[in-house]
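Labels run A, B, C, D and E following the written order; every chain starts at residue 1.
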Amino acid sequence: MRSPDTGRTPRTLADHAPVIYPALMLLVFFVVPFGIMVTISFFERVPGGFYQPTFTFDNYGRFLSAFFGNVLGFSLGLSALAAVICVGLGFPFTYLLTRLTRRRQILWLVFLLSVLSLSEVIVGFAWSTLLSRSAGLSNLLVAVGLLEQPESWSPGFAALLVGMCYLAFPYTVLLLYPTLVRLDRELVEAAMTMGASPLRAFFTVVVGASRNAILSGLILAFVFTLGIYLLPQLLGRPQHWTISVMITDQAIFQSNLPFGAAMALFLMLVSLSLVGLTLLLGRRRAA
Amino acid sequence: KTRAAEPLKVGVYGGYFQESFDKFIFPDFTAATGIEVESVAEPTGEAWLVQLEQAARAGRAPADVNMMAQTPMLKGQSTELWVPLDPAKLPHMENLLEQFVHTYPDGRIDGIGAVAWYITLVSNTDVFAEAPTSWADMWAEDKRDTLGLLALATNSFLLEITAETHFGGQDILGSEEGILEVLGKLAELKPNVKLWYRDEGQFQQALQTGEIPMGQYYHDVAGLAAAEGFPVRSTFPKEGGVNDSGSWAVTRASTMIEEAHVFIDYMCQPEIQASLSRNVGTAPTVRRDLLDLTEEEFSAVASDIPPIVPNYQMYAERGDWLEQQWIETITS
Amino acid sequence: MMGLWGIRVFMAAVALILAAPLVVIAGVALNEGRVLHFPPRGFSLQWFADILRDSGWSNALFNSLSIAALSATLAVSIALPLAYFLWRWRVRYAAALYTLGTAPFVLPPVISALGFLAFWATVGLYGNYVTVVISHAIFFVTLPMVTISLGFQSIDRGLVEAAATMGATPGQIFRSVIFPLVRPYIVSGFAFAFVLSLNEYIVAYMVAGFTVETLPIKIFNSLRYGYTPVMAAVAVVFVAVALLVFGLIARFGNLPRLLGALQGRET
Amino acid sequence: MSDLRLDSIVKRFGAVTAVDHVDLTVPQGCFVCLLGPSGCGKTTLLRMIAGLEMPSGGRLLLDGEDITALPAHRRGFGMVFQSLALFPHLTVAENVAYALSIRGADKAAQRARVTDLLELIQLPDIAERQVSQLSGGQRQRVAIARALAVDPRLFLLDEPLSALDAKLREALQVELRLLQRRLGVTTILVTHDQREAMTMADTIVVMDRGRVQQSGRPLEIYRNPANAFVADFIGTSNLLDGRARGGGRIELPGGEVAASGGPESGAVTASIRPEDLRLSAGAPAGANCLSGEVVFVRDVGQTVETHVDCAGQRLVAVAIPEGDPPFSSGDRVTVELPAEAIVVFPA
Amino acid sequence: MSDLRLDSIVKRFGAVTAVDHVDLTVPQGCFVCLLGPSGCGKTTLLRMIAGLEMPSGGRLLLDGEDITALPAHRRGFGMVFQSLALFPHLTVAENVAYALSIRGADKAAQRARVTDLLELIQLPDIAERQVSQLSGGQRQRVAIARALAVDPRLFLLDEPLSALDAKLREALQVELRLLQRRLGVTTILVTHDQREAMTMADTIVVMDRGRVQQSGRPLEIYRNPANAFVADFIGTSNLLDGRARGGGRIELPGGEVAASGGPESGAVTASIRPEDLRLSAGAPAGANCLSGEVVFVRDVGQTVETHVDCAGQRLVAVAIPEGDPPFSSGDRVTVELPAEAIVVFPA
């Protein structure tokens, strides 16, 4: 960055002026709320009521039980699986998408963005219908003769997984898109002139050259699905209720804000450290 | 007659329930008192309580008068959420059965019975030609993956149901060991449960389509659905339906205390209670002898089989512990 | 790879899976009776009319649209000066500011929502219309910030310098060069925030719940008590709005570039 | 033993005909340069040879065998792309060994070959570097080494040097040509730089708008361009509009000159190379001389280019300065156009 | 009356000294080219003159007035950027009129000036076009017109032609120089292409690593480079390592030659231009002759470059082919190095 009045250090108050208002807004309405949440997580809960200011680790203590350990483990595992599926499907899909004509790409992108604007409630309802016995896809299979009689596939683990992947898929594709659309087509062609079949070239070159994007895609899908809280209730059974469901439960049904906040923070720390670990491993491999 | 500038906001459960109130009750009330009413759809009691509480702290009232189930009524007391009601302004209160006058421990009135309802055993008539007769049927082998049950301890009353069905009464719920034993029995039910629902609509939809052909549900709403022609029936099991009720309570953030009293008093009249029974399908909260309901009309909304009475005190006393045990039982 | 047919089948399958829920929702919205049957029984457009006719739904619709518009505007008003500042000056805390701007969207929404709840409950503004607007603006500020930053990055700094050598003061440069060039990015940032705010549930629920009912909250309430085809109709309307908005961006803007492709690559 | 034949190759993209009935024979060991302006179809033609693009018509024969439909990865050619297309996620050694690893060669063999190739391109010490750590010239050489790793039957290069700066480019042209001679590999190189083509090629194929305009040995084309396009494209030429008067006489705006051939009548274009013009001070004295005024002198030391305006047409003469002071702007000069240096085409 | 003086200008970026004590005087109407390899500080220097960068030390004087701290928009200079920096959201006319509209000139005056300028750059019909609809050469001219719109006191250009292809670049060099002469505007142009600098400049300033290595008239520098760097950078030079033997005699690997000057002893570098070398067949016959072997011949028609290996050093000779067949690889030749053409620097 080299220019007269861009890219230099701001000196005067006037130089700083534009940043004051946004910084203030973010500070007051994001940093402070976050801080309050952190504070509340150390408060004591008043049964039936709310909380009172004390300093206690009880909320974190309650969380450190086998039960919540299982819930957390399940949530992380589910999100990891969903992330792998999203990227596993989304990567080849995005690659193929970027090879289409620009017009078709735009159509696809508009479609994906519209899908992305569906709320969790609607997606949950639609999939529970699609996977139901009475109105679902299994009727199609029966009509085609692949199935004896319609089956119910929801609620259940598979239904939940499908719903989660459905929600995260557009985000994953949009994240992978820039990298893949910028990927030099000649890389694949070069591999082919050197004797790699198209499939071989895809795995040795496209995948290899997009390692970082794949990693970010995994992280995004992971963090994103970790935050999903309605689908497990709509498409899953109680054993599939994730940590986000528990947090929402505490806030919505139990009015136990301190415990909810403690869980939320714990969840954030765990996912951030997993993300950090993944990045670290990725970097090591790339180096 | 008074005329308020703003409508009185009355919270009732959404869906069929709210629609029936809008159609049969509120217009008459406005006509009689000149007070405009705006109905507000409430979610499940617990969620609504949290909403009311948060709003009250901010000095706001999403609804002035709220229909609250008993457990949230008790929870609300602990933060003085409910405005104490003035008996002098409620002349019709005398009509009520005594269990429907709800008070703070110190005797101040904080809730007046609005409606009573039963949670019964419902089934899809297309799937089950024969109506089930006992809560125990839920445990049957052949009911694998067919049930829809409420997901919260505090609104499903499954502990009471299990105790009555398998332990000869609710005495066993007096101790933590007893509760755990009941939960153990309840755990045997899990393979049969397809859906643990938090929200009525989710189960209602599944029940109507036969996707989940059996479960516990509200007698009144099931009746309304059946009346609309859905293949749904509600049965009072031989152990009795769960008799729960909703009370009118006024949030302390309300600025329309006067109008609220007028409304609550209006709702305590026998004619109105009868109208509720006929049109909404709820059981009355006033003495039977004051009502002009026929025997047939009465049995449509209630039953002569002695009901299972929810153990509200247990929920109030063992709140967090019970909730944790419950969630661990059903999710594991 | 996999042969041309394999590719087509794969793409078609993805398209079908992505479209299937839309088909269900659209179908359900057409039921004649007040049931969510799929395939629909009978045919009726009354549920779409109900969105406007029923005061509950139309209020919620109005709330949602106005909240979306206001919060998107507010989000842009926060993002624009921030993105400008980060582009124009080199500051040490730039990364921190940028992260701050992206954090609300990157954290699991439950966490942001809880934070907002705690905040508004503490300051005593829980349940206000403005509360929802501000919370949404902060929650979605990431979108205009990223698009507008992209817009600034796409400005050749030479243009600014060229304008300076031709005698333009910094103010004139902003008006005559910088602003016209980032305008399309501002519009898209607004559109992204607008559409996502329309569909946002958890934050709105936590900070205002039922006192300011938006459409997603209303829909969720319908899920609670007896499903109604109106909620499906609303969802269809929302998808249509999203299609329209993004379609317009695609038509008049450069969508692939907004989504990160290089400008002018292949046509 | 790789003898490539292109038999009436056509390539259409929708309405655009990018390559239009190209016939070409490339004998074993020959270095061919495809030369032409931007968009003339060079890359498309090369890509069809590589198998990366399917011809719309015509056939490709390698040693008599029809390879038109053979996919790229079965052709066993080596190709260097304009973007170089080095794999960014692999080291230099892994890049060079890619073709071998695809063929499943064992690690030791791969290592040995990489060492050989890096020596060949005179960069023995960079095997473990990341591609991003290389300079432009180094990358370019690595791309060449990579393409040569499995002894390609045909070596294809698409403007491999165009991204480099002038001095490096000139140096690598010589290096690449020497390398090709040493290996004897049949090579086709695409370029739009006539100087590059003349430096390296055994055969130059000049293309324009999808068609071959002329092909032949570099100096042959330079001396005897087939048409005005080639004359102008290969080196610079003075192209003068005139009329043929019969008997090899051409009427130009500034006077009449004798030429060594061309049509007997009609509008013509006379082409003459800048280095064939002779300038002298003063008034015309002799045949084939025009009078003009110097408008610009480009004296770059090594050569002097004098721009002369002759009756409205601009002529450029080039000479190596021989100590005598060059003309300067405004001087009146006489330009001599040797008859044997004038090539005449119908206009 | 714009006389620019740079007085010991320094620019540091952190630890890097991009411009290192540059002194320079640019008289009114003069065309100065800043020439140097990439990264030598040309752009930085030009940007300081334009007011886009603040010098770390030294002063800038315009007609004796200190303008070091004057911001760019008050200097009234015109600048053409390497990227051209045309405003993509404005039409050609709006681009050209930008400086006028900023000054609040009325519409009619703007229109008149735009018409004049577009005629000046010989593109009268493109006023209403969008910038994206122009070719590279057209854009380049529009950028020039825009910079000239308000009669700049100083006209600055940063590699304006480097993005164009060779032929267009050469043509525009001539055009730009003629235009500058017509307008008489003091001009500073940055380039790394010595041919471009030699074509256009009245004065060339050769820079390396932030310092001025030499400045002067183009041929002066070409003939008398101040050091080996300049010798090599301006045109190509054969640089030979040797030892001075006293009396102008230099010992080179292939033999001893006489030079016209230089140090009396020690390691030296002898520089000789390719066009000054004379090649002949057979064994050396005479003074200042070395024997070598032809390794490569680059015959591009207009000139022939012969690469000769003399005892391990590579010499390049250039000549205009005079009909006689050039040498070919492997020939043994004699290279004559005329004493008066050899410039010797201490190594």
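Here, a residue touches a chain if its C-beta (ideal position, glycine included) is under 8 Å from a C-beta of that chain, and two chains touch if they have at least 3 such contacts.
The model shown is predicted, which means the values in this text are computed figures rather than measured ones.
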| item | value |
| --- | --- |
| Contacts common to chain B and chain D (chain labels) | A |
| Two chains sharing the most C-beta contacts | A-C |
| Rounded Å distance, chain D centre to chain E centre (Cα mean) | 26 |
| Cα-centroid distance, chain B relative to chain E, in whole angstrom | 91 |
| Chain C-chain E separation of Cα centroids, rounded to whole Å | 53 |
| Overlap residues in chain C, where contacts from two or more other chains coincide | 36-37, 117, 120, 158, 161, 164, 223, 227 |
| Chain E residues counted as touching two or more neighbouring chains | 51-52, 71-72 |
| Touching two or more other chains - residue numbers and ranges from chain A | 2-4, 135, 198, 251-252 |
| Touching residues on chain C, where the partner in the complex is chain E | 156, 158-159, 161-169, 172, 176-177, 180-181 |
| Chain C - residues contacting chain A, complex | 1-2, 7, 10-11, 14-15, 17-18, 20-22, 24-25, 28, 36-39, 77-79, 81-82, 84-85, 87-91, 97, 100-101, 103-104, 106-111, 114-120, 122, 134-135, 137-138, 141, 157-158, 160-161, 164, 170, 195-196, 198-202, 205-206, 216, 219-220, 223, 227, 231-232, 235, 238-239, 242-243, 246-247, 250, 255-256, 259-262, 265-267 |
| Residues on chain A engaged by chain C in the complex (per definition of touch) | 1-10, 15, 18-19, 21-23, 25-26, 29-34, 36-37, 40, 89, 92-93, 96-97, 102, 105-106, 109-115, 117-123, 125-127, 129-130, 135, 137, 166, 169-170, 174, 177-179, 181-182, 198-199, 202, 223-224, 226-227, 229-230, 244, 247-248, 251-252, 257, 260-261, 264-265, 267-268, 271 |
| Contact footprint of chain B on chain C as seen in their complex | 34-37, 56, 117, 120-121, 124-128, 209-211, 221-227 |
| Residues of chain D that touch chain A when the two form their complex | 47, 50-52, 71-79, 81-83, 85, 87-90, 98-99, 102-103, 146-147, 149-150, 156 |
